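Take a look at these structures.
One chain, subunit A, links the two complexes that follow: it is found with subunit B in the first and with subunit C in the second.
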Partner chain A sequence: MTYSSFIRSEFLVLWRRKQDIFNALLFFIIVVALFPIGINSSAEFLAPAAAGIVWCAVMLAILMAVEGMFKEDYWDGSLEQWIVSGLSLPLLILLKVIVQWLVVVAPLLVMMPLFSEMLYLPSLSFWVLIMTLLLGSPSLFFIGAVGAALTMSIKQGAVLVMLLILPFYLPVIIFSTLAVKAAEAGLPYSGLLAMLLAMSLLSLVISPLMTAIAVKASVN
Partner chain B sequence: MQSTASLTISNLWIERGERDLCQGLSFSVQSGEIVRILGDNGAGKSSLLKTIAGVFSPLEGKISYVGEDVTFDRSLLQKDAIYLGHSVGVKSLLTVVENLRWYCPDVSLGVLHEVLELLEITNHVDVLVKNLSAGQARRVALARLWLSNKTLWLLDEPFASLDVRGVTLLEQRIQQHVLSGGLVVLTTHHDLLTLSSRDVVLLP
Partner chain C sequence: MSWAWFHKLGSPKWFFSWSKSWALPLFCVGCVCLFVGLVWGLAFAPADYQQGNSFRIIYIHVPVAMLAQSCYLALGVAGFVFLVWQMKMAPVFIKSMAPVGAVMALIALVSGAIWGKPTWGTWWVWDARLTSVLVLFLLYMGIIALQNSLDDLVLVNKAAAVISVLGLINLPIIKYSVVLLETLHQGPTFTLTKKPEMPPEMWLPLLFSVIGLYCFVAGLVLWRMQTEILKREHRSNWVKQEVMEHGL
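Take a look at the complex of A and B:
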């Protein structure tokens, strides 16, 4: 096993499981579409709420995608093979999380113009929303990976993952929606984006190590 | 592959879920040797192999490979070893070739097809592994023994779900491996037909 063959097989497996990714995206679309239908479809209500709606839906969709990311590897014995491969386990996990992030977030970003129109998001803050998604979503994946690794040996672990990692998702969602609000009000928002980037970088450093410990503990 | 390698286990003590397994176990394996681990169900045969491979850490004791102490950093041993466990680590959503390319990316397609032909899975090269039988999936995992050039083989029940022909092929390959200086540690409930091994018995 090499790092490049690992990345290739991860992409291939995700491609064969595209239904799961598609389900998460469909879930995102449904949640976003329910707000105008269920509450109020006027621009006065939707425009200020748009960033919050998009972020809540993104968070839930990512949670769905991340929750079972190690399950199959655990049950088919691949995790043992990662550990005995002689490659660095935290690095393998980092690569896996990056692959997952690319596959889930890229289609979300592509859909975003459509949804910002639908929710009357002011065009001024559209790019800020995209920036918050790009800078904030990596930390959601990295934090989620720790939760997924802790619960992979449990058959029905989805709710447990949510309880474990949802509190850590709250700062990301708070800073993201604050940044979009600040942009709408014409206030400086670069500090809030910097906070999101800081959270992502911090989780990028810590999460692979913690996930590796959790993986080893679960295999044991 | 290294021509003279040795694996030495001294005074090994493994603990699994509050149970002590193979307390104070010592043995060594030299180039060209097959060691068979025997013991009742639950005696710790699989745990022992996993501990040597580095999936678990032992509670006490020392593991040396080619004279180096690898108890705490198993990477020297892992770079030169193949471990096949109960779950063989074959991805059900990848095809046979994709699975083998994942583990052995440097092997040419020609060699790959030769080995698959030998193992009689050529007809299923582009079939997803989830559509293969248990025995065929195990043959896919075992194909790594033909494709990679590692010295130490740690095989946990390698003959499980193989048919007679598969068992013969695998025994031939193991024989060939030890003749060229390899080390094999295996657990099995089958009697070895053509191979002669040294037995290590784990007492409960």
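Take a look at the complex of A and C:
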């Protein structure tokens, strides 16, 4: 196994199991639809709430996609192969998370213009929303990977991952929605975007190491 | 400086016999201090000129809120110790401390809400400090849930340590939320560097109840740790001897 063959196989696995990605995207659409149906469908309510709604839905969808990330590898023995391959385990995990991020976030971003229209998002904050998604979502994946690795040996671990990981997601959603609100109010928002990037970079450094510890403990 | 005492703490047998002589005195001192602090604070301390008698809940709210944060700090340190030095006692500590911390966070939230009603006119506001303490409570509950749903002990130890260390990030947010961010919550009651702004007859009982609660929790956790050690080491000879000699 080499790093490049690892990346190729990861892409291939995701491609062959497209349904999982579709499920996460469909889940995103349903969560977004809950808000206009459940609370208020008028533009006066939706326009200021749009960024928050999108971020809540993105967080839940990403958690759905990430939660089972290592399960398949755990039960079919791939994790043992990673450990004995002689390659650096944190690096393999980092590559896997990046592949996941590309595959899940790209379609989310493509759908975003559609949803910003449906939720009456003011057009001047659209690009800020896209920027927050680009800068903030990596940290969601990295933090989620730790939770996924800790719970991979449990058959029904989805709720547990939610319970463990969602508290860590809160700062990301706070800064993202603050950035969009600042943009709508005409205030500078680059500092908030920098905070998002900082969180992503920090989790990029810590998460692969922590995930590797959890993976090793689960496989023993 | 010799590190022998530190390394000794890693041995369950030694820790067990050491904690046996400390748990009860700590617990008793804690109870007495807590009693003195609470009675003094609730019955004899002067009323606040702004908040009247409703401020007296400070003698419960502040110690409990301090403990909720300190317990988490201890969890994080223990998690770090376990990940780096693989000390056997660290996961035992995490396992015994997490429920205590969760209760502290819950009491802090509830007593804060009760205090908020007369002073702010509302049970709850979504400001930085309240929300981050709520998150702290959820972190504790996450650790407990994780420990209860995993089966393999090795994995439980590692998992709890990892999540405790990660959760440390919440502590500075709680600590500085009243200083940096705009909030309804009043500033810190005690700081190490400045003299308290309250008169002594108001902050002395508070000091008593804070120290009392610290000792109380320390004693409680030592007891819980003893139980956990007995559970984990039930196959070893010294536990058999211990139980034969002193009973459970």
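Observations, loosely collected:
As a convention for this text, the second predicted complex is superposed on the first by the 220 of 220 C-alpha atoms of A that agree within 3 Å, B and C clash if a C-alpha of one lies under 4 Å from a C-alpha of the other, contacts with A are read in each partner's own complex, and residues count from 1 in each chain.
The working rule: contacts are C-beta pairs under 8 Å (C-beta built on N, C-alpha and C of every residue); 3 or more make two chains touch, one makes a residue touch a chain.
Just so we're clear, the structure is a prediction, and the values are computed from it rather than from any experiment.
On the superposed subunit A, the positions of subunit B and subunit C stay apart, so the two partners fit side by side. Of the two partner chains, both subunit B and subunit C are touched by A:220.
Within the superposed three-chain model, A:187 lies out of touch with both subunit B and subunit C [touch as defined at top]. Touch criterion not met for A:39: it reaches neither subunit B nor subunit C. In the superposed model, A:26 makes contact with neither subunit B nor subunit C.
Here the apex is the CA centre of subunit A, and the angle it makes with the centres of subunit B and subunit C after alignment on chain A is 90°, in steps of 10.
When the shared chain is aligned, subunit C comes close enough to touch A:210, but subunit B does not. When the two complexes are overlaid on their common chain A, residue A:91 makes contact with neither subunit B nor subunit C.
With both structures placed on the common chain, the touch criterion links A:154 to subunit C but leaves subunit B unconnected. Within the superposed three-chain model, A:110 lies out of touch with both subunit B and subunit C [touch as defined at top].
Least inter-chain distance for subunit B and subunit C in the combined superposition, rounded to the nearest angstrom, is 7, based on C-alpha atoms. Overlaid on A, the two complexes show subunit B and subunit C touching the same residues of subunit A, namely 220. Residue ranges of subunit C in contact with subunit A, taken from their complex: 83, 131, 135, 138-139, 141-142, 145-146, 149-152, 154-155, 157-159, 162-163, 165-167, 169-170, 173.
Only residues 50, 53-56, 74-75, 78-79, 81, 83, 85-94, 98-99, 101-103, 105, 128 of subunit B touch subunit A when the two sit together in their complex.
Taken together, the subunit A residues at the contact with subunit B in this complex read 1-2, 4-6, 8-9, 12-13, 16-17, 72, 75-78, 80-81, 83-86, 219-220. The touching residues of subunit A, when paired with subunit C in their complex, are 143, 146, 150-151, 153-154, 157, 160, 163-164, 166-168, 170-171, 206, 210, 213-214, 217-218, 220.
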